[in-house]
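Structures are listed in the sections that come next.
The two complexes that follow have chain A in common; it is paired with chain B in the first and with chain C in the second.
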Partner chain A sequence: MMSLYDKIFKPKVYTLSNGKQVSQKRSRMPVILILTVAAILISAKVTGFSLTVLVSRISYFFVMLKDMFPPDLSYMARVWAPLWDTIKMSLLGSVIGALLCIPFALLASTNLVKNKVVTAIVKFMFSLVRTLPTLVAALIATYIFGLGTLAGTVAIAVFTFAYCGKILYENIETVEMGSYEALGALGCHPLSCIRYSILPQVLPTYLSTVLFCFEGNVRYASILGYVGAGGLGLILNEKIGWREYDRVGMILIALFITVVVIESLSQWLRSKLS
Partner chain B sequence: MLPFLLKSEFHFPREKLITGDKIMINFKNVGKVYPNGTVGLKDVNLTINDGEFIAIIGRSGAGKSTLIRAINKMHSVTSGTLLVDDVDVRTIDGKQLRKLRRKIGMIFQSFNLVTRTTVIKNVLTGFVPDLPFYRSIFGIFPQEMKIKALEALDKVGILDKAYIRVDQLSGGQQQRVALARTLAQNPKVILADEPVAALDPVTAKQVMDDFLHINQEMGITVLINIHHVELALEYATRVIGIKEGQIIYDGPSNKVDDDVLSQIYGQKDGNDEPIR
Partner chain C sequence: MKLTIAEKLSQEPKLWRKQLIIVFICLLLLIWSSTALKVQKTDGSGIAVALGIFKGLVHPTTSLLFGMGKTGVAYLLLETMCIALMGTIVGAIFAIPISFISSFNIVPKWLGIFGRVFIMAIRTIPAFVYGLMFIMVTGPGPFAGLLTMSLCSVGMLSKMFIEAIEDLDKGILESLDAQGCTFFQKIRYGIIPQLLPSFASTLIYRFDMNLRDATVLGLVGAGGIGAPLIFAMSSYRWNDVGAILIGLVVLVLIVEALSGKLRTKLMRG
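What follows is the complex of A and B.
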């Protein structure tokens, strides 16, 4: 197809002073540009995107925003409990997921497990779990474990498991294997080789990944309440439904401060790790 | 009293063999064919006594590494019998193999240390197989092991580097850390696979001195694969020459002359210049 392109749009030929000729193929940029614009137009059509609606309705956003201020400070007393639920859900879920992924990440690493079938199955399992959005996982979990924070914890653990597991096995596969070989040669059990050769090499990156994941999980956990999985989302959904925007404002401010605090804490810890 | 401390008294090649009578390693008609059909070793017969210092020389791909790695079953052989400390290496695996490997130290060309941790932690890994399970998991080493590890570092002269990260050391220092790790396991035999190939000539000599020191003082059998013929002849008491998987010279290092070297290193196309 591309050679056809070159037949239609002849390459540009430069002739040097000694008579040698160099031909430069015509740029593909116009074609790419046309395809991109077409794709954008089709997407706008399909999704019903309308600039006029956007412009005419955007003022309602500011009406809502205005209603949030001043926030109802007295409502804060009722925010604490679900806020703690959110933090507990993300912390516990992150820890469980991060610990659970370790044995599976080891099984998925081609440099540790020579059996290609095993590594392929475990890797496939990881990518399968990763395709599951946290919100969907939470919804399924509420059907299994009932409404409440347990479902949220499970959903976050599932996401953390898949995310940290993938990064961990990719990290293990790039590890320098010389020391692993040396420990095997001096009579270490394969598990000891992992403990004393692989672990020190991957630990800083692993901890950093887990902290990063925990950071994101705090944000995810705050919306899980929408599907009944406990935490801030529960009251957020309720207050938006009742149009109590001053209380919504209070919830959002509490969430914002929490996320900022946890993110800066985690960033500080991660900077210590590297 | 300690001749290795007085470098000037140390003239090579040495005639004196400080070897025991016990057979440490015994190859009987050993052969190795790789899964892709490449012949690694062919009909190797070799007897190595306790306390010997042996250099194995030969061109790249001649089978030096295969020979050395067969001894601790890092590579398994495909025919013949191979006895190491009276154990038939071909018949064991798992726990028994790990038990045998405890007695065999190994030194590598690229040092194979965990470069992201400290020197002392690397040396302590030499004790890991002796730890009970709970200690191994948490990495808690008893006091006496720490002392032994520090003593091993002292033996190779880098005690002051104990708490420094390995990636901050020079190549020669890293190879000494590897030697200390090997000493920590208190081996009967040390196998060294091109231990000085990545080092400059001066450092290479220092590391070879360490090997000699260990061989003489502690009576540990040393087998070294080495490309530097001068170093091989200078330090080893016995030289084994390998070509195309077969042993074509096995004798004292002072009997190795240009003839022997051109046999070992000579090329098929008639260019018989020894590489020295």
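What follows is the complex of A and C.
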């Protein structure tokens, strides 16, 4: 396609002082720009984007925010239990998902498993699970396990499984295989080859991925409550429904502080790992 | 000094005490967190439900899946893509100034820290709260969805933008200065070529993520494929759920493959 573009818009030819001719291909920028603008215009039409509505009515956005302040501090006593639930859910879900993905990630690595069919199937499974929206997973989990934290934990575990699994197998595929082959040549069982040559190479990245995933999961867990999967989202949804925005404000502040604490903790741990 | 293998091995640092403590702490945390699990359904009906869901998913409603009208999957997917695209673009418009005032190599430290706290605060508020706020502005529909998506994108976009800005090579600017370039020439030839590839790559990646997260908008009726999906799920129409999910998954897989190709091309220049 691009060679056709070069045929229509001839490259610019310069003649150097020694008589040699060099050509510079025309910039592709106009094409990219036209395509982008067209895509934006179509999207704006489909979504009904209107700047005038946005500018004239944006004050309504702050109505709810204004009502959240000052937050109802006395409500904090009732926030603690669901807050801990959220943290426990994300912690347990992250650990389960992260442990479960290890055998599958090993199976998906082309340098460990020579069978192309197996690796392709496992890789496809990973991307299939990853595209499944977390919310859908959570809803299905509430139907199967009933309302509550178990459903949320399962949903988080599914998400972590797919995310960490993908990063892990990509990581395993780039390890240095010399030590693995050397151990194999010494007569080690394949599993102990993995234990002593692959594991030390991928462990730091793996742990830091899991921590990163846990960080995100705490934030995500607050949405899961919306579908009845337990935690902070449950009371958040309830208080929004009752329009008790000062309490919503308190919940959001509690969530903010928790996220900040967990993120700084995990960043500190990750800096130790690398 | 020559050492035998055994002597060398004995010199290995003794880490077992430290490792034992770490394992102990992890176990303690796990036991503590498992107290959150309360099994509510014990009658085993879960398996029957799961089977029903699975059956529905493999027998999608074909009229919905291939329908071309406004309720067909094709139109819903188009709408979702448009929301994701506009959400990413509007998000970037918010994120670019925020990330410039949060980069430590451009602004003083106190302003940078303030900017980062602000970004974190934006990121903390769950998507459906933004959705409800924007519905007050625009009424339910895809417009509210794209505004919600844009605010949800700001956190991640500005984080990546800040990294790109802090990696700027200032030597180029100095040499342009030495040649007597004007302020705008410096931006055009010194800054934009450095930032554009990584900004574009971030935007493509975020578009990919937004497409995946679009179901969240359905919770509050903010347009896209989310609302029909959630409605179908809460009324147990699993065949419809199957049709919508198949459409969404195929689209996300295609977009992911394309965006991966584009991004590697961008990174290699």
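The working rule: the second predicted complex is superposed on the first by the 265 of 274 C-alpha atoms of A that agree within 3 Å, B and C clash if a C-alpha of one lies under 4 Å from a C-alpha of the other, contacts with A are read in each partner's own complex, and residues count from 1 in each chain.
In this text, contacts are C-beta pairs under 8 Å (C-beta built on N, C-alpha and C of every residue); 3 or more make two chains touch, one makes a residue touch a chain.
What you are looking at is a predicted structure, and each value in this text was computed from that prediction instead of being measured.
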(message) Do chain B and chain C fit side by side on chain A in the superposed arrangement, or is it a clash?
(response) clash
(message) Quick check for you: in the superposed arrangement, does A:Glu176 touch first (chain B), second (chain C), both or neither?
(response) first
(message) According to the stated criteria, A:Lys10 is in contact with first (chain B), second (chain C), both, or neither; which is it?
(response) neither
(request) Using the touch definition from the top, say if A:Cys188 reaches chain B (first), chain C (second), both or neither. (result) first
(message) Which partner chains sit in contact with A:Arg57 here, chain B, chain C, both or neither? Use first/second/both/neither.
(response) second
(request) Give the label of whichever partner, chain B or chain C, reaches more residues of chain A. (result) C
(message) For A:Tyr196, using the defined touch cut-off, is the partner it touches chain B, chain C, both, or neither? Pick first, second, both or neither.
(response) first
(request) Would you sort A:Arg28 into first (chain B), second (chain C), both or neither based on which partner it touches? (result) neither
(message) For A:Arg219, using the defined touch cut-off, is the partner it touches chain B, chain C, both, or neither? Pick first, second, both or neither.
(response) second
(request) Have a look at where A:Leu128 lands relative to chain B and chain C in the superposition and call it first, second, both or neither. (result) second
(request) Run through 61-69, 79-87, 151-159 or 187-195 for chain B and report the one that clashes with chain C in the overlay. (result) 151-159
(request) Could you give the residue numbers on chain A that contact chain B in one complex and chain C in the other? (result) none
(request) Using the touch definition up top, name the residues of chain B that touch chain A in the complex. (result) 72, 74, 98-102, 104-106, 108, 110-117, 121-122, 125-126, 128-129, 136-137, 139, 178, 181-182, 185
(message) Per the contact definition, I'd like the list of chain A residues that touch chain B in the complex.
(response) 176, 178-179, 181-189, 192, 195-197, 200-201, 204
(request) Could you please specify the touching residues of chain A with respect to chain C in the complex? (result) 39-40, 42-44, 46-50, 53-54, 57-58, 60-61, 63-65, 84-85, 87-89, 91-92, 95, 127-128, 131-133, 135-136, 139-140, 143-150, 153, 219, 222-223, 226-227, 230, 233, 236-237, 240, 248, 252, 255-256, 259-260, 263
(message) Taking the touch rule as given, give the residues of chain C at its contact with chain A in the complex, in rising order.
(response) 29-30, 32-41, 46-47, 49-50, 53, 78-79, 81-83, 85-86, 89, 120-121, 123-129, 132-134, 136-138, 141-143, 145-147, 212-213, 215-216, 219, 223, 226, 229-230, 233-234, 245, 248-249, 252-253, 256
